[in-house]
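Across the two complexes that follow, subunit A remains constant while its partner is subunit B and subsequently subunit C.
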Partner chain A sequence: MITLKDLRATVETEEGKKEILKGINLQINAGEVHAIMGPNGSGKSTLASVLTGREGYEVTGGSVEFEGNDLLELEPEERAQHGIFLAFQYPVEIPGVSNTNFLKTAINEIRKSKGMEPMSSVEFLKMMKEKAKLVGLDPSMTSRYVNVGFSGGEKKRNEIFQLAMLNPKFSILDETDSGLDIDALKAVAEGVIKLKTNDNAFLVITHYQRLLNFIVPDFVHVMFDGRIVKSGGKELALHLEENGYDWITDMKETAEA
Partner chain B sequence: MAKETDILESVTSSEYKYGFSTDLEMETAPKGLNEDIIKLISHKKGEPEFMLEWRLKAYKKWLDMTEPKWPNVTYPRIDFNDIIYYAAPKQKKKLGSLDELDPAIKNTYDRLGIPLEEQLILAGVAVDAVLDSVSVATTYKTKLAELGIIFCSMSEAVKDHTELVKKYLGSVVPQTDNFYAALNSAVFTDGSFVYIPKGVRCPMELSTYFRINAENTGQFERTLVIADEGSYVSYLEGCTAPMRDENQLHAAVVELIAMKDAEIKYSTVQNWYPGDHEGKGGIYNFVTKRGICSGDNSKISWTQVETGSSITWKYPSVILKGDYSVGEFYSVALTNNRQQADTGTKMIHLGKNTKSRIVSKGISAGKSNNSYRGLVQVNKRAENARNFSQCDSLLMGDKCGAHTFPYFEINNKSAHVEHEATTSKIGEDIMFYCNQRGISEEDAVALIVNGYAKEVLNQLPMEFAVEAQKLLAISLEGSVG
Partner chain C sequence: MDKISQENIDLKMRLIEDFSNFEASLNGQSNEMIHNVRRDAIAYINENGFPTKKFEEWKYTNPANILKNDYVQAFTQPAGDLSGIDVTEVLAESNANVLVFVNGRYESSLSRIVSKGDGIFVGNLSEAYVAHKDLINSHFSKLAKNEKGAFTAMNTAFATDGAVVYAADNVQIPEIIRIINIADARTGTYLSQPRNIFIAGVNAKAMISEEFFTIGENPSLTNMITEVFCGRGSMLEHYKIQNDGANANHVGSTQIKQEADSHYSNTTISWGGNITRNNLQAVFAGNNTECHFFGLYLLSGRQHVDNHTLADHAMPNCYSNELYKGIIADRATGVFNGRIMVREDAQKTNAYQSNNCILLSDDAMNYSKPQLEIFADDVKCSHGATTGQLSDQEMFYLRSRGIPHDEARAMLLQAFAEDVIDTIKDEYLREKLDKKLIEILMSTR
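Let's look at the complex of A and B:
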């Protein structure tokens, strides 16, 4: 589905360009769930930003192929229209625009890019109802302005609701579990499991094992200082939960010495 | 980055759609202002003597007045002797019907999308069109006349409905009200006149399109709407002008009179040429609009969508004189590039149990400056006055400015006044969020702005609301990035 080869990227800071991603290699196939863990500031969100085409990040090397397309050539909205979705670590508030109107516009823009007619209102409303139920979102929230006045947990749940509505091929969940209470975490995770098929894929960024207890990953990667320094199966996450990241620092220091 | 060049591209390419000019054979007065010019205007229009005297009186007062300096706008000094005060397309003879209209004029209006043909009865809109200084066509006059409704150009009204004009002209906006009102009183060349008789509900939208075409001319139109007891009228004006490098002055006066139980709804979609993105050229829109709810239970509602002009200075106001009268002001004022707007309203509560409502939505983008200035005044004898004001500002990017100057003068303890204000900013983060959901920059701006302005746009007649929505989106193209 998506293949990253030696991906390097810098960010524009006040002191000039700073390299954050220092050569990422990753291959994710349809039907797979990958998890990325790693200490604060190691570059996880930056990776999500670069894959979704956020301004301010410059790709300085490597390539990303998504379903046969050169992803880096596409505008952010084109990437979304091709089926890339990011559940944001910090969802923004959009005053004056209802969730309903926002999603209707998004769905119809995506359909338009595929040469499809806009979705009928009846069909849209039916889908809203279904998906709200699927992720356990209070239906009254759909008429409120996008994320305005939502609690931290409600914002995260709303991200997954949008994911369910847009039905993307490749979804990145950036710390969707942080800020969710235990019941909400379970509801959101169960929603994601229901959305998982053999044709889509997920990249789950998290610090905690608890989300991965529900959404069991096929692969776990450890990101450290802009590189994936270790990959393994689901047991790697358990190991990290118990031992933290010190052993990686140690391992690196030993390797560099 | 590809992205940034695209945005730049779209800024530079989103040309002002109405920027063409028409080559017409024009009859113009020499530049400058003096008594002879005023006499010439009055003579050209074949006005009765009283009108000339009225003009000359205003002119003398104007000579002693100074330009207002308090609006939050800056511009170079205007040379009032460098302006042409009268320009009219040469018509061979008086028009008997629309078919006789100069095809070039008709073509101008066709390009503006303004329906002049009688087939437009279908759309239910009666149109008066003012090109530069004179009114060139009024549709549906006969149909309206059957109901006793007068809808004609101000020039005709001066001649054919002299008594009404004598009685009401200057009754709401006195000649000396302010510098530009005085100037307008001296040199106004045309505009629309509406009279709705007692108990008549005007069956269609009345509308005027103002168009500045000639170079170096100022446009000074004068509009007077009188709604007699128990009548109703909805009136809409639209404005466009060609793109020109020099600034052009537009100083209009609009007066509304709503008698007992009458209602006037006055809507404006103002899209004068705003100047280029460096701020070169554009219209100075210095306008005085005021209505009086003279009778009990009367209502005046102003709705304005202001997207054009390099400088806008206008405060459509309502004097709530009748008991239980209602005044409303709904406004979307959008500024982009180097535009400046200082706009708002005055609600003057005189009668008992009077109510006013102010909904102002400012949108600033580019390097523009957008100010709301509003006064709510409750007089001593205005028992139980109510006011609600909502003033919102939306900033697109971080190089623009938004300001609110609300003033309250409350002289009666029973008054109930509420004021709410919000400021939101649409930055790169919101844009990216929309993009990430598959929504392009352009569609995101339209989505956000239309959501934000909905309460005001809903006040417009349906077909104009759709136009206004598009206009807002076009005016903001490429403004966030």
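Let's look at the complex of A and C:
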């Protein structure tokens, strides 16, 4: 579904350009769940930003192919229309724009890009109800302004609600588990599991095993200083939870020495 | 003598000449009381001339740029060709009063008056002068006095037509009154000077919308005055919607006097025109009045809109609230000068003001000047101004969900502008404005 080859990216900082992604290789196929773990500042969110086309990052090398398209050539909205979705680590508040209007516009723009007619209001409302239930979002939140006054957990839940509504092919979940209480985590994870099919794929960025207990990954990758330094099966996450990242640092230093 | 003051003198001489011709044409009516007021006004202009940009009040809007065209006073011309003037969309609001003025002249054939009956007058000034002469004489020029400046005096000197709305004590006019001012700039370069008077008696109620349109490409100037009298306990909703063409200039003065317990709300929306200067001044002459000023200016190209407001707290226990929002693109300029005067006796005043702006280009400008003059000690006053750009984060959030750049931008700007549009209580009008807002936002870069 998506193939990253030696992806490199820099960010503009006050001291000039700083390389954050230093050659990422990754292949994710339909039906798979991949997890990315790694210490703070290792570049996980940057990878999500680069894949979704956020401004401020410059791709300096490598390629990303998404279902036969050169993803890096596309505008953020085109990527979404092709089926890329990011559940943000820090969802923004948008005063004055209601969740309903926002999602209706998003869905209809995506449909338009596929040459489809806009969804009828009845159909849309029915779907909203259904999906809110699926992820355990209080239906009254859908009429409020996007994320405005939402608690941290509610914002995260709203991200997954949007995921459910837009039904993307490839979803990146950036620390969706942080800020969720235990029940909310379970509800959100169960929602995600219900959305998982053989035709879509997930990239789950997390620091903790607990989310991966629900959303069991096929592959776990460890990101360190802008590179994927280790990949394995679901047992790698358990190992990281128990041993932290020191052993990787050690391993790396040994390798560099 | 520099060029500007020379132009100023030329204009003065021209107006004085216009005035003597006007006077001659009045045959007989020149002894009327209203004409004495006009005479005082032309004398004021003769003595004081027009302001220049050296005047503090005109610092950001150069009067010379408004006055530079050789305007012909529209009232001196025969009625123009009404074909091509289409007000069907306004008339489609089935229960609305529609008063159409073309270059300041009332056109009854295009208008429709639905509010009639005891204690109600909805019509034009010359009719009102016949039907309610004393009423007009006792209100005309009582608020828009010559001291307000030469633009005001110029209107007074030549005031011949305009809209009059009168609701007697305890009379509520249920239907909105839409006053459609059309500058017909197809064949000439005209100066139109509409003169409106709105009078709400004790506990009276009305909703009035002044709307401005242009047809044709010649430069035009509308120099208008609206005097608003809010009787005790009255409620008045008042809108000013400026849809003018790219070569249309506008100087408007809205003067309001509020008696005790009255409630006045003004919403001014400016998204057309070349140079626009709006003066909006309310004086609170009784206790417990409530006054709202809302404004939205949405500018592109080289448009210039200057809103000067004054909330004059002359009496205690009054409340004023003001919110002006601007969206400015290209090389356009917005000016907001919000003056709040709290006089010595005006204890327990509550006065709030804010001006928020989004600039869409590096060359867009907004000059924001709050001016608080407080002479009472027990008051609550606040003011705030913000100027910023659209949030990159919000833009990316919307785009990352599949909403294209321009739509995402329009969505955020609409959200920003919406709380001003929402103050329009007439549903039909509000929906039209909403549509127009989106249309403009989609075409603004």
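What we mean here is this: the second predicted complex is superposed on the first by the 257 of 257 C-alpha atoms of A that agree within 3 Å, B and C clash if a C-alpha of one lies under 4 Å from a C-alpha of the other, contacts with A are read in each partner's own complex, and residues count from 1 in each chain.
Going forward, a residue touches a chain if its C-beta (ideal position, glycine included) is under 8 Å from a C-beta of that chain, and two chains touch if they have at least 3 such contacts.
Because the structure is predicted, anything quoted here is derived from the model rather than measured.
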Subject >> Combined model on subunit A where subunit B meets subunit C, clash or fit >> reply: clash
Original post:
Who does A:Met127 touch here: subunit B (first), subunit C (second), both, or neither?
Top reply: neither
Original post:
Where does A:Phe88 make contact in the superposed view: on subunit B (first), on subunit C (second), on both, or on neither?
Top reply: both
**OP:** Look at A:Ile110 in the shared chain and tell me whether it touches subunit B only, subunit C only, both, or neither; answer first, second, both or neither.
**Re:** both
**OP:** Could you tell me if A:Leu72 is touching subunit B, subunit C, both of them or neither one (first, second, both, neither)?
**Re:** neither
Original post:
After lining up the shared chain so the two structures overlap, which partner does A:Val59 touch, if you call subunit B first and subunit C second: first, second, both or neither?
Top reply: neither
Subject >> Touching partner for A:Ala30 - first (subunit B), second (subunit C), both, neither >> reply: neither
Subject >> Partner chain(s) touched by A:Phe102 [first = subunit B, second = subunit C, both, neither] >> reply: both
**OP:** For subunit A, give the residues common to its interface with subunit B and its interface with subunit C.
**Re:** 52-56, 75-77, 79-81, 85-86, 88, 91-92, 94-97, 101-103, 105-106, 109-110, 113, 162, 166
Subject >> Residues of subunit A defined as touching subunit B within the complex >> reply: 52-56, 58, 75-77, 79-81, 85-86, 88, 91-92, 94-98, 101-103, 105-106, 109-110, 113, 145, 162, 166
Original post:
Given the complex with subunit C, which residues does subunit A contribute to the contact?
Top reply: 52-56, 75-77, 79-81, 85-86, 88, 91-92, 94-97, 101-103, 105-107, 109-110, 113, 146, 162, 166
Original post:
So in the complex, which bits of subunit B are touching subunit A?
Top reply: 1-3, 394, 422, 424, 428-430, 432-441, 443, 447-448, 451-452, 454
Subject >> Footprint of subunit A on subunit C - complex, ascending >> reply: 391-394, 396-405, 407-408, 411-412, 414-416, 418-419
